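Have a look at this one.
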Amino acid sequence: MTAPVTLRGLNHWFGPFHALQDIELSIEAGEYVTLLGPSGCGKTTLLSVLGGFIEPTEGRVEIGGRDMTRVAPAKRPTTTMFQDYALFPHMTLRDNVGFGLRMAGMGRGERHRRAESFLDLVGLADAAGKRPHELSGGQRQRVALARALAVEPDVLLLDEPLGALDLKLRRAMQDELKAIQRKVGTTFVHVTHDQEEAMAIADRIVVMNAGRIEDHGPPARIYREPATLFAADFMGEMNHIPARGTGTATETPFGLLARAVQGRAVACIRPEALGTTEAALCIGAAIVRDAAFFGTHVRAHLVPEKAPDLTLTAHLPPASLPAPGESLTLWADPDAFRVYALED
Amino acid sequence: QEELNALVWCDHTDPALIEPFEQAHNVKVNLREYEGTGAALALLDQSRPGDWDVLVIDGIDVFRAVEAGILAPLDGVSTEDFFPEVVMAENNSVDGVMYAVTEKFGYNTISYNADKVDPADMESLATAWSDKYQGRISIYDYYLPVMGLAAIAGGIPTAEIGADDMEAIGGTLSAMRGNAASVAGVVAAQTALATGEVDIVVGGGEWLTAVLAGDQPNLTWTIPAEGAVRWAQSIGVVAGTEKPDLAKEFVKYIVSPEGQARLATSSCFWGMPANAKAGEFLTDEQKAVLRWDNQPDYLARTQLYPAPDADLDVEMQDLWLETLQQ
Amino acid sequence: MSRDTARGWGFVAPALLWTLAFFVVPFVVMGAMSLATLERREVVWGLSLANYAELAEKAYLWRAVLVSLEITLTVTVVSVVLAYPLAWIIAFRVPKRWQRLALLLAILPFWTSYVVRSYAWLLVLAREGVVNQTLMNIGLIAEPITLANTRFATITGFVHFFVMLLTLTIYANLVQLSPNYRRAAMDLGANAFQTFRHVILPLTLPGIVTGAFLTFVLCIGDYVTPQILGGNTELTVPQVIMVQLGRRADFPLAAALAIVLMGIVTMAYLACARWLRLDRI
Amino acid sequence: MRALPWAYLIAAFVFIYLPVGALVLFSFQAGGLPVPPFEGPSLRWYAEITGDRDLMEALGNSLLVALGSSFVAVVLGFLAAYGLARHVLPGSALIRGLLIAPLTVSYLIVGLGLLIVLTRTGVGLSLVTAGIGHVVINLPLAFAIIYASMGAQQQNAERAARDLGAGEAQVIWLVTVPMLAPAIAAAFFLSVTLSWDEFIIAFLLTRFDVTLPVEIWSLLRSGLSPRLNAIGSLVFLVSVTVVLILEILIFRRKS
Amino acid sequence: MTAPVTLRGLNHWFGPFHALQDIELSIEAGEYVTLLGPSGCGKTTLLSVLGGFIEPTEGRVEIGGRDMTRVAPAKRPTTTMFQDYALFPHMTLRDNVGFGLRMAGMGRGERHRRAESFLDLVGLADAAGKRPHELSGGQRQRVALARALAVEPDVLLLDEPLGALDLKLRRAMQDELKAIQRKVGTTFVHVTHDQEEAMAIADRIVVMNAGRIEDHGPPARIYREPATLFAADFMGEMNHIPARGTGTATETPFGLLARAVQGRAVACIRPEALGTTEAALCIGAAIVRDAAFFGTHVRAHLVPEKAPDLTLTAHLPPASLPAPGESLTLWADPDAFRVYALED
């Protein structure tokens, strides 16, 4: 019902294109892992390698401690939930969910009973006789989940399972997905390019870019202390401030930061870390270019006087909406900055 | 159940003709229609011995089939009761051996609408397709009889047509074609006549107008003074048949008086039976339509189809197509 | 060869073998046949261009090629020109829920037998047929005019068939366009004609060309319609081919004519290859 | 100006229905010729054709050839489409081109080529050979239609089925075929229609047992008669009924 | 270049279906208005009425003070940007953008110059010779915008212009769209079903539901004081607390609120208004069911002891992630509640 996964030295080429590069990753049994990255970074490819749809050019896939690199999808203790759900439109929900059991040779009665219990798990017990086209997007997503879980895989692979839903429904389904994973205890590997979704749901996030793993760890760690500039940007909005490393510290237009880098660098700070309440580092006066109310905060673009070429984005308290042209004094905590050296 | 494979003209496909034979001999007769001797010879060339048992063929082409080794000698079929003019032993035998018998005959001549044209004009080939009837003529779409008519109009006996005559015949054809509205197959010619599209069909005859006679008695035919072309079809047994006896039985049935009467009035087209005894099985109306009583006169005044050799045949076809396409 | 590829071949093989055995091989044999000659009713295989020489020499042969081309081009153009507005009206003027019905009505006669349909035109176009009667009744003509057994009749018969076919394909092309293209063009100030000329026509061109090409292929190779309606006063290539087969069994010459026909179709194909979408019909 | 489109529509329908109207009208002709004047309604020609053994046999043959050749064409076309869409094949563009190629060749040429080969290899002509010819012309259409409808949606469903333990045959039978059913049905239906109505190939490639168009052709050469109208009208009425039933069934299912 | 829009007494029926019901709306010249509502609520229908693609069954459309109810799209000072962009695939970007000018009879040279200047405005000056299929989604969106603006409409109508873009790109394009609107000054009417997008971009939001306008006003007002329960829910996550109006006040499980309603009611409060710092109203102890880190906050689901049937969602400070099962004491500001009476 659950198993750890280990990937060692995975490399994959599509012809000349190096789609997966030196992937090393261990996933614990029962963990909820998301693969996060921009379109084309290799998330689906990696998931396909896990599911057995692609045989990697190099490297090894272990599931539950056994080498599965060359085992066919049907023989693996994994099941994949596809982005478009890939429900069988000509079958009832019961038959959809029971399909895997039927392939395993389970008799009709037993199969229907099991299928219905899994439909119950996802809250669709009443709809067992319907067909997929009679369902809403969110309901289809649940059926796909039930179908994947019905074969009791050790590892469930989900390829953008919420990608087809609209934003509201997506946020609602995230909670549900997480709750079900808790209940069944199966290892989940979930692909997404939505960092909010990744944060909301994952025990651990794996940030990918151009076929590589850029960073991996718990959401809070990755958000606050991203290992690379790419991960920093991908995890949420980030202000980039040109900086220069002196070897022992970092010079920014707003003062010195105690980070030891050398040469051209960039200092990053999240919009919510900039504020109008006094803190250790004074950014100085900044002119509001525009500001919009976002419910929990006001998002403002500001041009700091100390670096008039720069536009900073700050999240300000929602109580008041500053007018364009207004001047504010910004402050920040120097620890909130992350500094990345740039190659020249 | 035994099967008999026959390569025939469309008049043999009438169930009224075939079914009595099938029942009498408990066989199934498979029939394949064809158009043009060339096609039939090609088909037979490409078949294996035994594929075919019976062949119906244009009387003038029997010798070609014999040359090609397609027909088996045929003996024991009596032609005693036949109209003497259509026994045509010289046509149906080669080197004194009989290979086929005549089964049906008729005329390619002038069919016309008596209400619309002057019947007197129809009594001469020259006036029948003259400028007077420009645009009201249809020419039957088969080169042999039409060229035969053209030859007869020019005073050339059909049996003597040679390469030298092509120019003269071509000239006549060309004139005919110039006055014609169409060159038509059976249905097109009938439609054209019935709807008043044209009033004259050159090459027509009883086989064309008989079916129309009931509804439009004004549609008739005549044999002009110069004469006309007589067609005759023969039937024989195919060499290499595995059922020579059955095949011969079939031939015998076809030339028997009953068979002959049925063949003469077959649904596809009517024509005179070769066997004069068939008259006993025909009604008076049927005989009237066939013009039974005029036959001695007609037979005397008509000539057989031209029977070109292979080279001349090609030349005639080319000339024909050339004229159509002018 | 990977296992996947091997399995793929397994699936493709039956269709491929069928096409090879019953299409490619016959085609090659026919090509060879066109280089053979007919001597005393025997086909003599060889590499002779005699048939092609004959084709160039004999007026009725090469004129048949011209006649076929003229008729086919006329039919193709006329059919497209007549079918487009019809498809347009059904797609954009007829209310949505009547469109299926209108379309179905427009192609129902497709299901009368093709042979019978040509024959029916013969009745309609005859001297005492419906058309002449109507024209005389409304006083457009005093005397019946000859319509049957002419090139006009052949073309009418063809156009009737292909208008049905093209209406269907063009309609399918029109409705699959996003309605927003039309809206966008009108919104930006284009009138109905400009919208058609600059937006709809270019967008449906591949569909039209594909339909026109199929029309061309089917029309130029058809024997039935010209044979029944054309009055035999001019022969098309298929008619001449059938004469070669039927009257004299001249397979080599028939094969040569077929190859010429194929050559014309190939040229038509090349002429419109840029727009053709044959694998998406 | 507003009326113009409607006038055109009506004119077009008149043109389209002119021959059919004349055909059907004169099939009820009491007289012996299907030409004006109309002499009053009669069913005699229908009685005659339904009693005509050859005609009815030809009808059966046509049905047999149409259904049989369409079945083969659709099966072959489906397999090829599946193979090309779901497996990596070298030169797949070439294969597709080859499979589509008969579409660009006139029926007469297909028939002539087959005639030459079949007669020269000693294979006798029969309904089977006509069926072979019909498969040749319908295979490209069936292939193209089915191939075009093999989208990513089916592909993912197939992968899902495989992932859930189905073998390739099970995937095809339980997932691909049912999902492609509309396209397969469309291909089959089109194929049946074309084969049912095809003349020249059937004419060249049959011997004793012929299909309906060939039988009608013989009738056509044997004399003018309302029988032709009757058989044409009968075919029309039957086909229309079938089409309407299909339409209603499919339409009902959709809505 | 810009004009006000007034809609009076608009009603529209599709057959028996009442798609627009008594729409009254005034839009000022140069205003950026978004129509926000769920799928099928009539947004596109309303926009089509504005653009002239649908003639309303009843009512009046005035643009720039003139009655335009029955004027054809081509003759209106409006241009529509369609959701699928409807770029002409067979034309270069230059020709696409210049299409409207060409229809207006502008000569080739002048037209190209103008088209290129508009492509420049949207940052695509280099791509003038390309065709739409060579562009990414975001680039196509810009071309569509340039094309619509090139004819210098008084009012620009945008139907879910960002709907086809992925989340990140969508947020980026919002800023751009707003900036361009500022620059050109044209009145923008923008349809969306994404409330974050609406808030980020609009001067005024019009919330629609089932063919009616539920609320309209500036984003902050609608977020904080939505006129209806529907608007409240649609503008962002909301905790629903069953309540009972006494005529002068409202009873909730957590105490009395000074809102005068009568009978069955629901008290609403946004997650960010619930907190662990002391405030005027004590919600009491609540058990954490789950909590996830969201970067700027931790989103937690909690079950309050005073109402164990309820699950409250709260946004907590991001510094620490409470463990499931932990007990927290929640507080809220009574003014943050909105109370809606329910019909029985």
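Going in written order, the chains are labelled A, B, C, D and E, and every chain counts its residues from 1.
Note that a contact is a pair of C-beta atoms (placed from the backbone, for glycine too) under 8 Å apart; a residue touches a chain by one contact, two chains touch by 3 or more.
Since the model is a prediction, treat every value here as computed from it, not as a measurement.
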{"item": "Chains in simultaneous contact with chain C and chain E", "value": "none"}
{"item": "Chain pair whose interface holds the most contacting C-beta pairs", "value": "C-D"}
{"item": "Whole-Å gap between the CA centroids of chain B and chain D", "value": "37"}
{"item": "Length of the line joining the C-alpha centres of chain A and chain B, rounded to whole Å", "value": "89"}
{"item": "Whole-Å separation of chain centres (CA-atom averages), chain A against chain C", "value": "57"}
{"item": "Chain D, residues touching no fewer than two other chains", "value": "35-36, 120, 220, 228"}
{"item": "Chain B residues counted as touching two or more neighbouring chains", "value": "35, 43, 185, 187, 191, 195"}
{"item": "Contact pairs between chains, per stated definition", "value": "A-D, A-E, B-C, B-D, C-D, C-E"}
{"item": "List of chain C residues in touch with chain E within their complex", "value": "178, 180-181, 183-191, 194, 198-199, 202-203"}
{"item": "Chain A residues touching chain D - in the complex, by the definition given at the top", "value": "51, 53, 73-74, 78-80, 82-84, 86-91, 99-100, 103-104, 147, 151"}
{"item": "Contact set on chain A toward chain E in their complex", "value": "39, 166-167, 171, 175, 178-179, 193-194, 196, 199-201, 218-220, 223, 235-236, 270, 272, 290, 292-297, 299, 301, 315, 318, 321"}
{"item": "Residue ranges of chain B in contact with chain C within the complex", "value": "34-39, 41-43, 45, 68, 135, 138, 141, 143, 180-185, 187-188, 191-192, 195-197, 310, 313-314, 317-318, 321-322, 324-325"}
{"item": "Residue ranges of chain C in contact with chain B within the complex", "value": "40-41, 58-60, 63-64, 67, 119, 122-123, 126-129, 144, 146, 148-149, 227-228, 231-235, 240, 243, 245-251"}
